[in-house]
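So, here come the structures, one by one.
Both complexes shown next keep subunit A, but they swap its partner, so subunit B is in the first and subunit C is in the second.
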Partner chain A sequence: MAPALCAICKTGRALIKRPKNHTKLCKSCFINIFEDEVHHTITSSQLFYPGEKVAIGASGGKDSTVLASVLKTLNERHGYGLELVLLSIDEGIKGYRDDSLETVKKNAVEYDMPLLVVGYDELYGWTMDQVVETIGKKGNCTYCGVFRRQALDRGAKMLGIRHVVTGHNADDVAETVLMNLLRGDLSRLSRSTSIVTGDNKSEVKRSKPLKYSYEKEIVLYAHHKKLEYFSTECIYSPEAFRGSARTLIKQLERVRPSAILDIVRSGEDMARLVPGESASSCGGCKSKTETPVAAPEDDAGGCGSSNGRNPGGEMAAMDKQLRENEEAEGLEVDITKLVLESKNRQKEKQRDSATKNGGGNPKPTTRQVLGKCQRCGYMSSQDTCQACTLLEGLNKNRPQIQI
Partner chain B sequence: MADSTEVPIRESETPTISITVDFYGGLDTLFGKGQHKLAIPAADKSGSPSTIGFLVTHLCETKMNDPRTDLFVLDGHIRPGILVLINEADWELEGEEAYEIQSGDNVVFVSTLHGG
Partner chain C sequence: MESQPVAGSLTRPCIKCRAQEATLDSRSQTVCRDCFAKFISNKCIKQIGILGKEIRTPQGSTRRYLLGLSLGVSSTVLLHLLSENVEFQLARSRAAPFELTVVYVDSSCLFTPRSPDDSDEDKPDPITAETLEQLRQRYPRFTFQRVPLATALGLRTIDWSTIPGLTAAPSPSPSQTTRLLSLFDHLPSAAARADILHILTRHLLVSSAQTAGCHALLLGHSTTALAELTLSETAKGRGFALPWQINDGPLSVASYPASVPPASLLVYHPLRDILRKELAIYTALTSPPLTPASPSHGAGNNGSIEMTPRPGVVVSHKDVSIDDVMFRYFAEIEGNYPSVVANVARTTGKLLRLLGGGEADGEPKQGLCGLCGLCGMPRDEVGDRRWRGELGIGEGEKGGGLCYGCERSTRG
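And then the complex of A and B:
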């Protein structure tokens, strides 16, 4: 079969078929569009300010390696003026993390970025190997996850940095949306879809510049740019629930590649319906509505859902086409659609007025209030943070185990 | 082609084609090493030219030295989340499992399933 040509340059041999819209691209056009779309996400969400110090949460895996590479490229190409630092967490898992940290060290040299490694042992007095020795493999991911989140914050504080970027990709977000949906946890769903968590008031904010990047494209980007990354599954058993969500997402992608970004967008749309969450960075932005954007938080550039369809206008074009297809269908559909549309318009009005009232929202119950842990002093929504609670249990068990 | 199934092909007479197969993203551990230079049968048991589908089964039968075959194959097909590149091109552009392997081809399997 004759090789397909690139849809953009019309000369190069197409090597990539984009999952989100089936466009066939050559290697260099793919690398360009991948970088352009991340740049678009960054600028339209106003993720950074000039001169900002940003820590890249680096594991040595594909996502954080690609994130570091792309941020370095974009920082130089578009003059973001960012000071980029690699921040790695050493969970203390022999044969897993110690190997991947070697990759991070190589990245630090190659990308000419300073590197800070903070270990669970120095922060908590426990390595994950010791935790698993004490509690067994079951549930160890909970400990690791809670510890890692706080360790990133603490590492950033050591560096005097208030912004940590992580390599979470569209597949990760879709996976989390599904998991929270299946758990019935709408408030967490809302937070997990935000491109930024925490704001200027919190000590350290987090953002996910690769939120709209397909895992497939991240891996292809790394492959075609010959980036060196480390890939070994953690030696301790992964969460079964997340694993199932992951398998499901990958199977859906095989049948309908756009499903992943569609789930992300559905997550964002559902997040807007969660009371009290409208103040989050993603909360008020309009993704599907055609009304002019006027919500106050849009001066933050709007968030993701609009980004998701803006690059190259492809997603917008597809939306339009889908709408036209719908309109071309029979009258029966039109009638139900009209009813639906008027309902939607009402909802839209309610939502708008709720957004305008801002703080006057009478249902703040699901919104977490950020305070400080009374024990360790780090950010927490409870009196005692999750890390301290888990540590208390561990420390109680230690003497028994040792005797 | 289908009626030729009854005709047994003797191993020694089976022509082979030389290819290279690369495993990345953690799959290398399932197959012992990253790169394999292979001479695979030019045709499958029914006499049809060897395809990627045939190669996948062939790799599982001859090169996999790990009991966790489900990390590579699910229900007889490449596990969703594993990318396949044929001479650097996404296999979706080349006909996926039906692609007929040519001498000198490079087939790359990259898992996207491993975390960081």
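And then the complex of A and C:
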């Protein structure tokens, strides 16, 4: 049997079946199309301006390694005029970062980019090891998750860089969409899909140029470009909802490869359907205890547990919380009333929103109803952000703080 | 019913009535059979009451509803509950609260191998035909109809010109069933076939409701089915139309070729507050018990897959649909975290129902008010434009009159 020929150049041997749509491509056409698609995303979303200093959040993992490689390539090829630096966070867990930091250091040399490493001790005054010492092993995931979410922004701000790009890929975004549907968290859903969080006015803007790139293609790209990366096995298991969503995505991808992209598309569209941010936060639970923290990124992935419970417990805890709410408020009755009332309101709103959305601003606007933390200036829905709350507790040397 | 035992002699009295033995678990309360049945029935009747208030009928005329029956658990229970409601009113010498037409869409032609000399165009599936006949006898006040799936090809609520595989002139005057099978053969995957089957079934129910002059279409989706629908439509790229699909309320129904403005039909899901597992328990509580036919193959009329995955059977993922994946996924979550399941549909219900929004740019409307030619849901023209921009695909292509999800299902 003669080897199949590449669907694009018709001359090279088709060695790669694209995970995204199963077209058969040769190695160089695959690399080209992968880069071209990222380039398209960058230009159509106008992610950068010439001369901009951009920090690549570098963990040594595949996503950020590929991001660094692709950005370097595109920056030279298309003359973006970007000043690219690698920014790594050291959580201060003895031994944990050693290997991945080595990888990042090698990348820095290979890509000829400056590497900046910022430690939790500089950012928060505490290393993770010190946190564990103080509060014990139980619940340290809370701190790790909360601190990690802000670390890149704080680090960039410290270094005077106003734009951080992260390696979040299409699988991550799709996962976050399904996770937030499962959690019933519409406000996070609406924030998680946009390619940029924050804007030129905010202190640090974040974006994800690989938003439409499949994880499997990122792995393939790294493989064929012979990129060196460190497969980070997160030391904590992912929170239950994310883990559950991840499993589901893998199953869907097997059934229909486009499903990941289709979920991203759905998520973007649904983001425009979320009625006023604050009103919709945390559907169902009256959000006294479960108030979602207004982090601009909730897609930390891996060790992103937001509440420090053991993984299986998170879903059980939410289930319990919801049931208590139902009992306490006779919610079943209220809901139907609400549906009816809101139906009439929606009819009016519909016309407004339809015109609003139909106007010249087709991009999902990040709703900046969020305030700022009064201590650190980080985006937050409360006066004091979650990290500062945790820090306050740590500094008082109290063992456990209720979020 | 058994004679009431003395409360003191009960080993575990029902938490609600305290008069009977609690044998069932209902949302972490132990209750007796009667109280469980009443709980289910009340949930349904409440929704029917809400629907009733939405419809104003002139004095002396009755509300008319159409029930989509898949013969699976959910819609069979709904049929029974509706009958109970009617009987209850009649027994109190009140007028029947509504008239009901029950429609079963027979899609067996897709699943039974046809021999070449099979001249019989429209042969009802014998098992479901029998079940339908039993229901007809059990609920004599209601009108029952069996509608072959192939008749969907004659519907004007679908813009057939948008669908590939039908546009090419087929062999001389083939039968409708042959044409239907050829349509399904042209679909790119099992996922697409399951999706289109749902859509055609829904269209047949909607148009049967219109033909019968009904005020509303009732669908048997449980809480669990609505949660499944939320995630599976999201996975199919139809997030924009979700609020139109899972909420109760009026839906626009187009008619092609587009000469008249779209009509409107109320679509309601009276079992939206009941979990699928609760409906399954309920089937054993009626007398005689309800015996859903659970069609051997997938798609029920109510849009949910009512197929029990057979343990031990290895299915190639090529034959699995997105709906199958969701069915299995939620079966697991429903078991352990029922309130999480309920919260999914409840939250998604808060999303706004938007129309395509293309008119804001002063563009001429494509098709009927931006409705998708296949699924009939509003098309997201704003999202389509942005998507073309951000992904650089389909640039220069004109919108084919289909929504993103239907493009995916028909063209791959």
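Throughout what follows, the second predicted complex is superposed on the first by the 273 of 403 C-alpha atoms of A that agree within 3 Å, B and C clash if a C-alpha of one lies under 4 Å from a C-alpha of the other, contacts with A are read in each partner's own complex, and residues count from 1 in each chain.
Criterion: a contact is a pair of C-beta atoms (placed from the backbone, for glycine too) under 8 Å apart; a residue touches a chain by one contact, two chains touch by 3 or more.
Note that the coordinates shown come from a computational prediction; the quantities given were computed from them, not determined experimentally.
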### Task
Please work out whether A:Leu159 is in contact with subunit B alone, subunit C alone, both, or neither, and reply first, second, both or neither.
neither
### Query
Regarding the shared-chain residue A:Val117, is it in contact with subunit B (first), subunit C (second), both, or neither?
neither
### Task
Could you figure out whether subunit B or subunit C reaches more residues of subunit A?
C
### Query
Counting only touches as set out at the top, which of subunit B and subunit C does A:Gln251 meet: first, second, both, neither?
both
### Query
Between subunit B (first) and subunit C (second), which, if any, makes contact with A:His223: first, second, both or neither?
first
### Task
Could you look at A:Val146 and tell me whether it touches subunit B, subunit C, both or neither (first, second, both, neither)?
neither
### Task
Please work out whether A:Cys376 is in contact with subunit B alone, subunit C alone, both, or neither, and reply first, second, both or neither.
neither
### Message
If we overlay the two complexes on their shared chain A, which of subunit B and subunit C does A:Ala259 touch? Say first, second, both or neither.
### Response
second
### Task
Name the residues of subunit A shared by its contacts with subunit B and its contacts with subunit C.
251, 254
### Query
Can you list the residues on subunit A that touch subunit C in the complex?
37, 40-41, 44-45, 177-178, 181-186, 195, 212, 244, 248, 251-252, 254-256, 258-259, 261-263, 265-270, 272-275, 280, 283-284, 315-316, 318-320, 322-323, 326, 332, 335-336, 339-340, 342-343, 346, 349-350, 353-355, 357-359, 362-363
### Message
Help me check something: in the complex, which residues belonging to subunit B touch subunit A?
### Response
24-26, 29, 79-81, 83, 85, 88-90, 92-95, 108, 110-116
### Message
Applying the document's contact rule, which stretches of subunit A touch subunit B when the two form their complex?
### Response
1, 3-4, 13-17, 24, 27, 59-64, 100, 167, 171, 215-216, 218-220, 223-224, 229-234, 238, 246-247, 250-251, 253-254
### Summary
Seen from subunit C, its contact residues with subunit A in the complex are 27-28, 43, 46-47, 50, 189-191, 230-231, 233-240, 242-243, 247-249, 273, 317, 320-322, 324-325, 329, 333, 336-340, 342-344, 346-355, 357-361, 380, 382-383, 385-387, 389-392, 404-405, 408
